[in-house]
Amino acid sequence: MKRRTVLTGLGGIAASAMVRPAAAATVGVTKTEIKIGNTIPYSGNASSYGVIGKADAAYFQMINDQGGINGRKINFITLDDGYAPAKTVEQVRRLVEQDEVALLFNSLGTANNTAIHKYMNTKKVPQLFVSTGADKWGDPKGFPWTMGWQPSYRTEAQIYAKAILENYAGKKCALIYQNDDFGKDYLGGLQDALGKDFEKHFTKLITYEATDPTVDSQVVALKDSGAEVMVSAAIPKFSAQIIRKAYDIGWKPVHYMSNVSASVGATINPAGPEKAVGVITSAYQKDPTDPEWANDPGMNEWRAFMKKYIPDGDLADGGYSFGFGVSMTMVQVLKQCGDDLSRENIMKQAANIKRLDVPVLLPGVYVSTTPDNFHPIRQMQLTRWTGKTYERFGKVIDAT
Amino acid sequence: MHAHITRFGPLLFIVLAAVLPLAFASGYQLFQLTLVVAYALSVLGLNLVTGYNGQVSLGHGAFYAVGAYVTAIMMDRWDVPYWATLPVSAVVCAVFGFLLGMPALRLGGVYLALTTFALAVAVPQLLKYKLIDGWTGGVQGITIIKPDAPYDLPLTSDQWVYLFSLAVGVLMFALASNLVHGRIGRAMVAIRDQPIAAEAMGIDIARFKTLTFATSAMFTGIGGSLAAIAVQFVSPDSFTVALSVTFFVGMVIGGAASIWGAVFGALFIEFVPNIADHLSKAAPGAIYGVILIAFMFLAPGGIASLLRRWFARLAVK
Amino acid sequence: MDAFLHQLFSGIATGGIYASVALALVMIYQATHHVNFAQGEMAMLSTYVALTLIQAGVPYWIAFVLTVGASMIVGIGIQWLVLRPLEKAPVLASVGVFIGMLLMFNSVAGWIFSYTLKPFPSPFGEGPPMLNGLFSRHELGSTGVTLLVLTAVWAFFRFTRLGLAMRAAAFNPISSRLVGVPVAKMLALGWGLAAGIGAVAGMMVAPVVFLDPNMMAGVLLYAFAGALLGGITNPLGAVVGGLLVGVIENLGGAYVVGTELKLSMALVIIVVVLVVKPSGLFGKTLASRV
Amino acid sequence: MDTENFLLQVKSLHAGYGPTRVLHGLDFGVVRGGVTALLGANGAGKTTTLRAISGMVRISGEILFDGTPISGLATEAIAARGVAHVPDGRGTFMELSVEENLRLGAYTKRGDPRPDMERMFGYFPKLKQRFRQQAGTLSGGEQQMLAIARALMLHPRLLLLDEPSFGLAPLIVREIFAIMRQIIAAEGTSILVVEQNASLALAIAERAYLLETGRIVMSGLAADIRKDEAVRRSYLGY
C-alpha cells in the first residue's frame, strides 16, 4: 500500500532522470548490474557481527532471484576488515577504486567508519546505512555522503534521561558503560539531556573494558554507591552479568539497559529470565527471541527468508534480522532511484525515504529521511521485561 | 655471479619497488604497499629484539601505537608537517622502549613474552585514559590529512606517500642491516645464544639488551608513524592485542633474525588475510590459521631461511 | 566494610576462574615448556562439546567426564599431529602454530556454534547465595573444583613416576631419553592433561561469563598474569597468583585507580613482583653452577 | 669378536650429523664384565660413537647388544634394555632435586627405587647429604657422581661414560675413578668409557681402542696399548 504511494511519488524523479545522459556512465552501474560494496568483520574478535554481512548478502540474493531492481541485479561485494580501521580503509579503497562500486553499504564499526568518513565524502561516494549507533553519521551539512540507520545511542540515552526525570526525579542514579565510543555515547547523551544537573543525578559512573572477563566488581561498587536507578551501556555478555550479579547480591535498582542488549536469547536467557524482571530498555526492532513475535507476520516474513537463504543461521541472532531490515532499506532507495543510479541521485533518494515500514521494526517505528535529517530511524518505545516477554509501555517516542 | 646478486640485489629491488608501483599500481594498491612498508619496519623492529637478541616480545603493537599517535597528535594539534614527526616519533618510541626495556631485562623468556603480551592488551585502555584524552582524542581518535607531493611533483598523494614511506623504509633497513652485520649485531646474537660467554667477552649485557629494546621500539614506532600518515586515522581500538600478534606472526613467517624476513612477513600479514577472506566468508579466521600453520610446517625457520636454503642448493648445482 | 568484603570475595571468585585456566597453562608448561596460546580456545571448544552433550540429554556429570576425556584425546592428537613434526624446528615456529590454532579454533567455533551468547548450566545448582551473600553456589563449587584439580596436579607432579618423567622430559629431553623416558609420549600426555584441565576450567568459567567463542579471550590474559605472578613452574603458585590477580584487580579498580586502569595497574604490580623475583612468587629460581 | 666375550659388538659403524660424516666404519666390542676404553683426541668421534650406540644419531652398520641388534631402536628403548649412558656434560636434570634425578635413573624399573638409592649413597655418601637439594646447585664433581649414580639406578648391563673426568680437578677425578673401581668390582657392570685422559682410562680398562678421525687405528689389551711407544708420546704425554 504505502509502497505504491512511494512509487507514484517517484514518477517525477524517474522522469527527470531520463533526461540526464550522465546516468548511463555512473560508476558501478551497468544495464544489468549495480555494484554495492561492504566491509564487516568476518574474522577477529568482532566476528560475531559477520552475520549481518551474511544477512545483507542473502537479502540481495533474494532480490536478485526475484528479478532484481528495475532489471538490474545487485552485485554485493562484502569484504572482511577484521574490525581493524586500517584494514577498513584498505578494503574500502579497493571497493571504490578497483571494484568501482556505486556505493558503500552497511559498513560496520564506529572507528572503522570514522576512518573512511572523510575519504568517502571527498570521493563523493555514498556511505549508506552504516552499522554503528554513533551520532555523527547524521550530519548532512558536514558529511553529505554518509548516513546511519539505527537510532543513535545518544538519542537512546536521552530517552532514558527523560524517563528518569519524569519518574524517578531526585533518586540517586548510576551509570555503567563500556569504555569505548559506544559506551561514551550513552554518557554523552545523558549529559546532553541533563545538562548541568547531570552530576546531581548521576552520583556514580563506572566503566568496564570489553576485554574484562567479568563486571562483578563493578556491580558491587554500584550497589555500594546507594544508587536506586542504574543505566547500563553494555554489550549482551556484560548486560547479562550485570543483571545476574545485581540480583545475586540483592540489589534491585530501576535498570535502564542499552537496547544493544535487548535480545532475549543473548541477554535475558543467559542472565536468567526471572532475574531480569523489571529491566527497561528502549526498542526499535522486534527481538526474534521474544515470544511476543512468535507468530508476527512481519517476523514470519523474515523467518521464511532465513529458512530459504540462510537455513543454518541461528534464529536467535538479532544480527540476521538487523541485516534484513537495513538491506530492505537499501533496496527501497535503489527502487526509488529508478534508472538514474548516479551517486548524487542515490544520495538524494536515500535522503528522501518517506515512511518505509520494515517488518522487523516495532509497530510505530519506521524508516524515514529528509535532506535535513540523516537519522533514518528515530522512534523507540520503552519496554519492560516481565519474566516471559517484553511489554512495551508509554508512547512510541519520536526523537526527531 | 653470486656475489653480484648479493651486492646489487637490494639495489635492484629498491629501484623496482619504487618504479613498478608508480607505473602500474592503482591508488588502492599503493596504499597496500605503503602499509607493507610500515608493517615491514614494525616486524623488523620486533625481529631485532626477538629474532636477533632473543627477547621475546608479544607487545610490539604498543610501540606501533605510540609512533602512530605521536605523528597524529603532532600533525593534528600542532600542524607539524608529516615528515617532521618521524624523528620525534623515533625518539619518543626509543625512550619508551628504553624505559620498558629496563624491567624487561630482569624477565627471561616466557615471563617477558607474557608481560609484553599483557602490555599489548592494556594499550587501548591506556590510550583512552581521561587524563590524556585532550591529546589523543579519547575513544574518538584523531583524523589527519593526507600529505600531497611537494614541489608540484606530478605525483598523486598516494604515490607520494608510498615513495616517502619507501625511502624511509630503505633508510631504516639499511641502518638495521649495518647494525646486525656489525659488531653490535654480533653482540646481540652472542647475548641470545651464549649469554655467559658474551659476558665473559666483556659485553655489557644489561646495557645491550635495553639498547636493543629501545632500537627495536624505534623501528616499530616509525612503522606506526608511516601507517598513521597512510591511513589518516588513529584510534585506541586500532591498536588491539591482535596487532601485536600480527607482527609476531609476520616475524615468524618471514624468518626470525633475518632482515629480508621482515619484508616477507609484512607481505604475508598484509595480503594473506585478504586471501583467507576471499576463500571463505564463513570462517576466514580458520583459513588464515590453517595457512599460518601450513607455513610453519613448510618453512619452520620462516620464508627467509627457506629461500636461503634454496639459493644455497642452486649455488651448489 | 560490607562493600569491601563483597569486593574481596568477588575478587576471589573471579580469581578462581583465572586460577583454573592458569593451572592448565602450568600443566602444559611443565610438560612441554611451551606456553600454549590456544589453551583458552581449546577450553572454549570443549565447553561447547559439553553443552551439546547436555542439550542432547546427557546428565551433567557424565557429560563432564566425557568432555574431559574427549578433550584429552584431542589434546594428545594435536600434539602428535601438529606439534611433534615441529619438534626440531625453532621454538618460534611452535608459537606461530599456537597463534594459528587460536585463530582457527575461534573461527571454527563461531562457524559451527554461532556467536550468540549461550547460558551454560552450573552443576552446583541455582539458589540463594551463601556465606551471607558473598559467594554464589557456583562460585563456591567452582573454587572447590579448582582446588581439587590443583591438589591432583600437584600430587601428580610431586609423587608419581609419570609426573616426574614429564617434568624431566620438558627440562632435558636428551637426558630423559637416556634414562628411558619416552619423551614424545610424555609431551603428548602433557598436552592431553592440559586439554583435560582446560576443559574443566572451561566448564567452570562458562556459567559465570557465559559461553561464546570469545569467552576465553579476556580470561586467558588474566590467567597468564596469574601464572606469571605465582610462577609458571608451580601449580600452587598459579592458583595463588590467579586469586591474587582477581583480588588486586577488584580492590584496585574499586578503591585505588578506578576501573579504567585496573588492568594496567595489575600489570604494573606483576612487573614489579617479577623484577624483584624474576620467576614469580612461588617459582623456583634456577640456580646452577657451571 | 664373539657374543660370549663381548656384551656389545659394533660392526662397520658409520655415523654423522646431516651431511657431515664422522665415523667411517668402526669395528669394536665391549668386554663382558669389564671396562673398555675408547681413546682419542678431541673430534676423533668418541662422543659420536656413544651416541650411535644409544640411538641418538642416524647410523649404518650393525650394533649387537648381547647378540641382538639394537641399531634402529629409539633411545629410550635402548635404555630400557639396560644400556645406561652418561652423556657429555653429564646430563644432569639441573632443575630437579638430587632425589628426583636418582628416581629418574630408575625410570624403566618399576618398583620402589629407595633400596637402590641407599646402594648409591654407599658409593657416594655426599649425595645423601645433598638429597633434597636442586641438582643445579651441586659442584661439578658432585654432579658427575650424581650422573654415575643416576645411570647405575637402572641396574645397567652396559654403562656408557662420556669423559667422566672432564672439567674436574685432578683430586676429584682420582676420587671418582677410585669409586668406579669399587663399582666395577661390586656390580659386575660392563663399561665403555670415553676419555681424553688416556692414562686414567687405561689404568682401569681391560681393553682399549684408539680412535683417529672416525677410524680405529689401534686396538688391544689396555696393558699393551699403554706400552706402545706412539700412544705414549701422543696421548699419555710421557
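Points to keep in mind about this one:
Should a chain be cited, it is by its letter among A, B, C and D, assigned in written order, with residues numbered from 1 in that chain.
Basically, a contact is a pair of C-beta atoms (placed from the backbone, for glycine too) under 8 Å apart; a residue touches a chain by one contact, two chains touch by 3 or more.
None of the values given here were measured: they were computed from a predicted structure.
Shared contact partners of chain A and chain D, listed by label: C. Here C is the chain whose Cα centre lies closest to the centre of all protein Cα atoms. Averaging C-alpha coordinates per chain places the centre of chain C 42 Å away from that of chain D. Averaging Cα coordinates per chain places chain A and chain C 37 Å apart. Measuring from the averaged C-alpha position of chain B to that of chain C gives a distance of 31 Å. The set of chain C residues that touch two or more partner chains comprises 103, 106-107, 110, 221, 260, 263. Looking at chain D, one finds that none of its residues touch two or more other chains.
Counting partner chains per residue, chain A has residues 43, 45, 47, 50, 179, 209, 211 touching two or more of them. Judged by the touch criterion defined above, the protein chains form a pattern that is neither an open path, a ring nor a star, and not fully connected either.
Contacting chain pairs in the structure are A-B, A-C, B-C, C-D. Per the touch definition, chain D reaches chain C in the complex via residues 54, 56, 74-76, 79-80, 84-85, 87, 91-96, 100, 103-105, 107-108, 110, 134, 136-140, 150-151, 154. In the complex of the two chains, the chain C residues touching chain B come out as 29, 35, 82, 85-86, 89-90, 92-97, 99-108, 110-111, 221, 224-225, 227-228, 232, 260-261, 263-264, 267, 270-272, 274-275, 278-280, 290.
Considering their complex, residues 3, 6-7, 10-11, 13-14, 17-18, 103, 106-107, 110, 114-119, 126, 129, 133, 136, 205, 208-210, 212-214, 217-219, 221-222, 249-250, 253-254, 258-260, 263 of chain C touch chain A.
Note for the complex: chain B touches chain A at residues 26-29, 31-32, 35, 121, 124-125, 128, 138-141, 143, 227, 231-233, 235-238, 240, 242-243, 273-274, 276-277, 281-285, 288.
For chain A in complex with chain B, the residues that touch the partner chain are 42-45, 47, 50, 53-54, 57, 78-80, 82-87, 89-90, 93-94, 96-98, 111, 114-115, 117-119, 179-181, 184, 209, 211.
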